[in-house]
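These notes open a run of structures that come right after.
Two complexes come next, and they have one chain in common, chain A, joined by chain B in the first and chain C in the second.
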Partner chain A sequence: MAELNIKNVNKSFGTTDVLKGINLDIQDGEFIILVGPSGCGKSTLLNCIAGLEDVTSGDIMIGDDNVTYAAPKDRDIAMVFQSYALYPNMNVRKNIAFGLEIRKMPKDEIAAEVERVAKLLQIENLLDRKPSQLSGGQRQRVAMGRALARRPKTYLFDEPLSNLDAKLRVEMRTEMKKLHQRLGTTIVYVTHDQIEAMTLADRIAVMKDGIVQQFGTPQQVYDDPANIFVAGFMGSPSMNFLECSVVKTADGFGVQIESQGKTFELAADPAQADLSAYEGKNVVLGIRPEQITHVMPHVESQPFVTRVPVKIEVTEPTGADTLVLTHINGQECECRVHPTEAGNPGEQMDLLFNMSKAVFFDAQTENRI
Partner chain B sequence: MRDTSKRYQPVTGRAILYGVLMIVAAYYLLPLILMILTSVRSMEDIRMGQLIAWPESFSLEAWRQAWSEVQIGARSETGLKPYFINSIKIVIPAVAISTILGALNGYVLSFFKFRGSDFFFAALLLGCFVPFQAILLPQSQLLGWLNLGGTIPGLVLTHVAYGVSFTTLFFRNYYVNLPHELVKAAKLDGAGFWTIFFRIILPISTPILVVTVIWQFTQIWNDFLFGVVFSDPSSQPVTVGLNNMVNSTTGETRYNVDMAGAIIAALPTIIVYVVAGKYFVRGLTAGSVKG
Partner chain C sequence: MSVTSKKGLDYWLPKLVLSPTVAIAIIFIYGFIIWTSVISLTDSTILPRYDFVGFEQYVKLFQNPRWLSSLWNLVVFGTLFIGVCMVVGLVLAILLDQQIRAEGALRTVYLYPMALSFIVTGTVWKWLLNPTVGIERFIHNLGWESFQFDWIVNPDMAIYTVVIAGVWQSSGFVMAIFLAGLRGIDTSIIKAAQLDGASLFSVYSRIIIPSMRPVFFSAFIMLAHLAIKSFDLIVALTGGGPGNATDVPAIFMYQFSFQRGRLGIGAASAVIMLMTILAILIPYLYSELRKPKDA
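And then the complex of A and B:
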């Protein structure tokens, strides 16, 4: 167990800069998720931590050791790959034991360690099978087993669940979290799935174009996104972005929106943003679908809540809620309402815009105001 | 009523297909059958009757003669046996060395890329397009300098150098289709260059090993040009021996002995194909379909 510090790491392939000044301080025992769209450099960063790629500049520290130029085997890390990368010529037992054999562990200790890991992951009955005789979920467990057997300081996971079907993925997600609680070791986990990121992480690093856009707890990243990219990436269905102009209201500032030819003023919570510098200019209002609901009297009486009639264009029932698509300021806007309250497409409906959690972005820089 | 004539169309199509396949098979098999038949006939039989005829008698005498008795050129040893042994002495080390080198090259070019490795691979591939004839003079010069002219090691070296382009191509194309994460995982497990090669990569290379061995074996065993140019009488391979045998006539052409000799010379390649043929097809298509 150890903390992991990534200091100003850059990585270029030829003239292409893949990582641009990455800084991450990861505490001992933290579950860190690197999330971002494909090509954002998250897997490259993981490979750099593992030592499978050399960094162009910067330092990687594990505990007190600078491992920037250490060979992968000397970093005391284990990695689980997306394709699992099980050795096809060896059975499960040999796969798990391989790393221990290379490290010249005595035979009886290896056998004991394989037993321990197999028990932990409930794969005792699979030990004599070849990888080709295993299902996807079983292969995934074996790949985890191979990583666990060495008892490394740090675990790296490269999209380990993305090859599983949806149901199994949810199951394994829970198991992964249990496992981390039991082991308490540092984990760095790469995924492009924002739900995986939200549910598993102690802290999330959202990456784009080789830059860490935001590094924080799931709730921080969700409620306080640093820019439009982070706000749009985290959460499903994603946040609505409405470009609108800032106006002065009775006691502060707000934004003006237009629905069906009528204009409405939405008062902004000054605790969320100081809009005084933007009066008369356009900003991007970021408001999540669950903050636009059907009319509920106890909500309507709260501050920063405005009632707006809209025209329903499309409805998408999800069971628990129904998503209603409409147009605000000529831009698409998705709202989450109770199934029984949702009207039919083409009908009119009153919605409550709750601005207490709304965020604002600069229209040019796309950064948070 | 349904139109029943359509139902027979696939059957007819199949019949035509099998018919064509049988004709093609016969086209390839008939010469071999004729050779076998002629080789077990006696010269008497051949002289009196037709050249193509059913054997009147059965005898392996011609095989015995071709193997150990027939006078080839003016050398003191008789029969194809010494040539056959030479061929084995050439083929086994040449196939083994060129295959291992190809596997290593392919391994490095796929998983341990270095600056210029793509250029290196392209340059190596050019070797596949160099005709035998083009390297005869420089190679004989080289063998002369190395003092290997006319020796079996000289022939082995020639075949290894010529074959390594092909074997590298085979292995490299097989290995680029393996997941790179396999090697990454092994590195993290602490395995080094050679451990990864011998414990992970080589054990899963069986299909391409079989392809390469068959390819190299056939090429080297059937080679005549290198065998005739870079050898002296003590190191000539069986192809040269067969040629000399057929051309050293004493009066009459002994068709039965010639046929038996030709079959003897071709036997090892036939055996290799029969034993490993299905792996050959499997190996050629490996990588195109995900296992």
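And then the complex of A and C:
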């Protein structure tokens, strides 16, 4: 079994604290994604798990073994690097076999294992080529093959898709997910691409400044962000943040917004947040672009939906939807409307604000209310 | 009219500026190579004469025991000099590459001998190796009276003192070449190999050093041409002696051409040296220039 437990791990380089008390409990067979902006410590954490960096304090457990001070080779993990790190002087076959040779596996078993991996990744025809003769996607496969050959308990991936072009990245993403479903091993995967995180992960750990901001399933992270950072990082286009004041409404609380000099009250769903303590104070309303749409009669009749006329400033057609940029409370606000409903820049348009999934943040602490 | 004259200036100016250099190079390098080759086919003595005698000077050259012993010295010196420089340079580079403190300062220390001329190196090592003033005397003064280190005056060993001085001078430079090669290797390759379970020794011996083949090749070429044209170091260190024990082709060429008044045989020896260098250089250039098409 290969649960991976990271207990209160700290890592400092000199006086710089890169990881500050990381705790992650990863179940056997889970696909975990560490996501965050560059410099958030996600790659350092991965290197600590691999044993390539020593932790300053804390424990790393794989299964029942405390591997905090074990050498990388004794941790039974394999890692795929961003640059692929293929051995340039060896052909693909030797690259895959190297780790097995070092572990003194008999020759015929190595040959069989290389064949198995090559078949799995469909690189049989590349086995006698040197890395310099391979394309980016092929190198990526070979790097995965090298990791697979050792049949480790845990796989670590360090931004493995970031050097591929956009189309190939989407293809490899799907393959990566299929591979995980087939192997069923624990995977820890680092990326800065939130779409990769959403599509691949069983659970996502969103990191910033060496701290795990939130650790949960993609849907939890998307719908129930712990703070403004997580809410803004996950989702594209990102969530709108509107600072507005809390007012008492007919049957609860709501926020007041202003568009073109007129004020509107948006009733808040009490299931989303209890705003009673914030009456009269400012909060940050977080509302995703897809919750602000053109007028649809069946939506308008739902609770917590308010119709607001706005002035269109910019439109960005994406094909499936058109993004409309407007100003609410003097702050930019992006809305996702049907292409045929979108007006032209400068025109007026009525939008429906659906508050059933809106979230609220404390204006000072930026934490979720 | 104005268009053509402007184009004309653009066209001619670079050629005009470069032409003196090109002319000088053509005359003084390639012209004199040809002239030397011509002289080597004549019976010139103190002054050049143009009575052609075919390859007679080459036949004489290879019948001359001093030339043969100087060639043998070159083989001994060249092999040891290149080999030891490569090993020392590589070891220093690998050690310096372990992210040690004061790397910049140490690198400069090792590279510094390169800043000296071979004459200075030769002179310093002549004193150091001199039994009556150098290392031997120093050890004697420390109390080890039977210590003997007289290679420089021993005809059988003198050539090795040239190797010592040459290695001291050039291994820092080789180290710099290797260090640059090591720095060019993606550090995640080393990490990947560690995860594969390779020891540091096998990381270097099986992955890093094999993938530095072009660097080895460059270092070899640099050292080989230093070895073949080595002249000043030997003149300063041993003067070709004791006797003719450290004679090398360059000294042979100098002495026969300019001191013994046998310009023809000297020119022949110079042509042979050129051929030796070309024999090393042409395959190298060929492989280097061919590469871009392959990759």
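One rule holds in what follows: the second predicted complex is superposed on the first by the 368 of 369 C-alpha atoms of A that agree within 3 Å, B and C clash if a C-alpha of one lies under 4 Å from a C-alpha of the other, contacts with A are read in each partner's own complex, and residues count from 1 in each chain.
Everything that follows uses one rule, which is that contacts are C-beta pairs under 8 Å (C-beta built on N, C-alpha and C of every residue); 3 or more make two chains touch, one makes a residue touch a chain.
Quick caveat: nothing in here was measured; it's all calculated off a predicted structure.
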Based on the superposed arrangement around chain A, label chain B with chain C as either clash or fit. clash
Mind working out whether A:Ile195 is in touch with chain B, chain C, both or neither, as first, second, both or neither? neither
Check whether A:Ile211 is in contact with chain B, with chain C, with both or with neither, and answer first, second, both or neither. neither
Just checking: does A:Leu168 make contact with chain B only, chain C only, both, or neither of them? Give me first, second, both or neither. neither
Name the contact category of A:Leu120: first (chain B only), second (chain C only), both, or neither. neither
Chain B/chain C common contact set on chain A: 47, 50, 52, 71-73, 77-79, 81-83, 85, 87-89, 98-99, 102-103, 132, 146, 150
In the complex, the residues of chain A that touch chain C are 47, 50, 52, 71-73, 77-79, 81-83, 85-90, 98-99, 102-103, 132, 146, 150
Interfacial residue positions of chain C with respect to chain A in the complex: 186, 188-189, 191-198, 202, 206-207, 210-211, 213, 295
Can you list the residues on chain B that touch chain A in the complex? 179, 181-182, 184-191, 195, 199-200, 203-204, 291
If you look only at chain A, which of its residues touch chain B in the complex? 47, 50, 52, 71-73, 77-79, 81-83, 85, 87-89, 98-99, 102-103, 132, 146, 150
